[in-house]
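Presented sequentially are two complexes of chain A, the first with chain B as partner and the second with chain C.
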Partner chain A sequence: MERAAVASGYDVHQEQSREAQRQADRWMLPGAIMMTTAILGPIGFPLFLKGMSIQRKAALQGLSVRPMICTLLGYLVIMDSGLNSIGWSLDLVAHHSLINRTLVTAWGNMFDAGYYWHYNELWIGGTGAPGEKSWEIGLVPTVFCMRLAAAIGFLQMKRWGHQWLIVTCWFGVIYWVGYVANMTMFADLRYTGVVFPVIGWWIYDIFYITPFLAIPYLHTVNREIFSD
Partner chain B sequence: MNQSSNQGLAPGTRETYSRLHRWLQRGLFVCLTALVLEGTFTFPFLLVWYGWPTLSLQEMCSELQKHRFSDDTRECIYPYPLFGPAEGAGQTTAQDEWGVQPRPKYERIGFRDLVRFRDERLAREAAAKQTPDPGLAIGVRE
Partner chain C sequence: MNDRHDKGIDAQDRRRKRALNAFQVLIYGYLFTMFLIQLHMYSVSDW
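And now, the complex of A and B:
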């Protein structure tokens, strides 16, 4: 007997949910990409909020869209990785560009002289602070790339996205602890003559604590919502 | 947990963790907003603090180098040769207290101090031209 080619109510609901999510992501993704460029943030943020509002409306209509906390978490990880990668990639491979020698060293002079003291003096260029360059080499091509990939999988509600976000968020704890320890060990050279030392650095950088907010969620969420 | 107890909870959130998830969501939104604001305003703020538009980007770059290496003769080379040596390699003018914890001797740069440094240096150089005194012409700032 042939199966009837009529879509069931469940199929219609699934299709509408998928379409609503796709429509919301069409606003949120370009918004997030603009926000990771730092300077285009004012354009990207409204696009992102518009996408969030579409998703919220769909959820209120009873459609099966991604939970809001997953959306915030996934896109925040994208932003955190993107913003970290911009600064560190400039220092790693574009240390003699005018924008880097002006704005990154100015940032260093304002918050952390690791990006000012004896800048562009090592043969490899960029920061002269012991340890800082090692973190860049260690993290930009590995953890931050992995975090970006994991966040994309997570936003697609894939099981591997959830798992890899856990892995890379624990990496995040390691690099936070290691980075702060390294910075503190060389506090004299990094905070002498700086415009807003130590407390200024903390106020500026505390918003990168995404891993510490993500880990409690990732370990307590019901994993059945992520598909294989 | 039965279906009715899940009413109002986001998919994946059990009742036990609903409060935790609510607070985490708030924290995530605060961080996201803060990163956007920081990302947006950091560069313009730095530009204004360090002398733009009175100083061009290249002049800012030069003033920062003069300050960092305590050497008024340094200029920011732009565009920098692609495979050239590191710009500061071999410099001998930077002032530090050397030891296991090096400590730079340069001073904190206040709001638009780079403009003041530039003006004072130009005034010194103009004065040196009028009264050619080799001692003044060196003009190295501590």
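And now, the complex of A and C:
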């Protein structure tokens, strides 16, 4: 009976691994959330790096922590959904707030006149660019919420997290193709009088591709590393 | 760690890289096409 009460080396290893992962996530999660606000990004980034270094040290010590590629992918998707949600939610429901009128119209003036031209003149407020509002209503409550949930499940190495990350990454391809086509259709009014016409569009649009470049990895990764 | 050098993993890595390359060609090709359309529009109307 006494022998049963003693934890095996395996149990100790599992417990230490779990604790190391938890400790790393305690730095990375707040860091990632701060980065999704854009403004607090410079504070969030070092927190995230600190968490990454804790996880790397744990892996070097031989503890069973999450693979680094999964960590980076999961947090990248959290930030992608968070950044898109916060910008578009502000435009959707807080378009008359001072912070929104300052940040968004400055962005509109620099890159995309869809956020400057007739701003706050639609019955619903916010951007006046054709089609833009529909994307906000269509995507923020659906795909970005799903992506956030999927990324959390993925970081917990759950099977459903992996599956839903695949689903929402394909969603990402669909809305990105549609969104870029929409912007091109109305390029002559969205890039009129902005500081960086066309080239500006190129600079930021290319980064929107990053989150769904994970698709080939997600389809070919060994599914057995994710638990039911 | 030795598993990484198994033939199965190598083949899988190759397939993954090929899929990623094909996917990137498609996506960046589309982006570039849209960019060219916008450049054309820009040259015509000079906004």
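The working rule: the second predicted complex is superposed on the first by the 223 of 228 C-alpha atoms of A that agree within 3 Å, B and C clash if a C-alpha of one lies under 4 Å from a C-alpha of the other, contacts with A are read in each partner's own complex, and residues count from 1 in each chain.
As a working rule, a contact is a pair of C-beta atoms (placed from the backbone, for glycine too) under 8 Å apart; a residue touches a chain by one contact, two chains touch by 3 or more.
Note that this is a predicted model, so its numbers are computed, not measured.
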{"item": "Broader residue contact with chain A after superposition on the shared chain, chain B or chain C", "value": "B"}
{"item": "Touching partner for A:125 - first (chain B), second (chain C), both, neither", "value": "first"}
{"item": "Touching partner for A:198 - first (chain B), second (chain C), both, neither", "value": "second"}
{"item": "Contacts of A:180 with chain B and chain C, given as first, second, both or neither", "value": "second"}
{"item": "Touching partner for A:107 - first (chain B), second (chain C), both, neither", "value": "first"}
{"item": "Partner chain in contact with A:170 - chain B first, chain C second, else both or neither", "value": "neither"}
{"item": "Chain B versus chain C as contact partner of A:188, first or second or both or neither", "value": "both"}
{"item": "First, second, both or neither for A:39, with chain B first and chain C second", "value": "first"}
{"item": "Partner chain(s) touched by A:216 [first = chain B, second = chain C, both, neither]", "value": "both"}
{"item": "Residues of chain A that lie at the interface with chain B and also at the interface with chain C", "value": "187-188, 192-193, 209, 213, 216-217, 220"}
{"item": "Of chain A, residues touching chain C in the complex", "value": "173, 177, 180-181, 183-184, 187-188, 191-193, 197-198, 201-202, 205-206, 209, 213, 215-217, 219-220"}
{"item": "Contact set on chain C toward chain A in their complex", "value": "12, 15-16, 19-20, 23-24, 27-28, 30-31, 34-35, 37-39, 41-42, 45, 47"}
{"item": "Complex interface listing, chain A residues touching chain B", "value": "35-39, 41-42, 44-45, 64, 67-70, 72-73, 75-76, 79-80, 83, 96-99, 101-103, 105-107, 109-110, 113, 116-125, 128, 186-189, 192-195, 204, 207-210, 213, 216-217, 220-225"}
{"item": "In the complex, chain B residues that touch chain A", "value": "10-14, 17, 20-21, 24-25, 27-40, 42-43, 46-47, 49-50, 57-58, 60-61, 64-65, 68, 76, 78-80, 84-89, 91, 94, 101-110"}
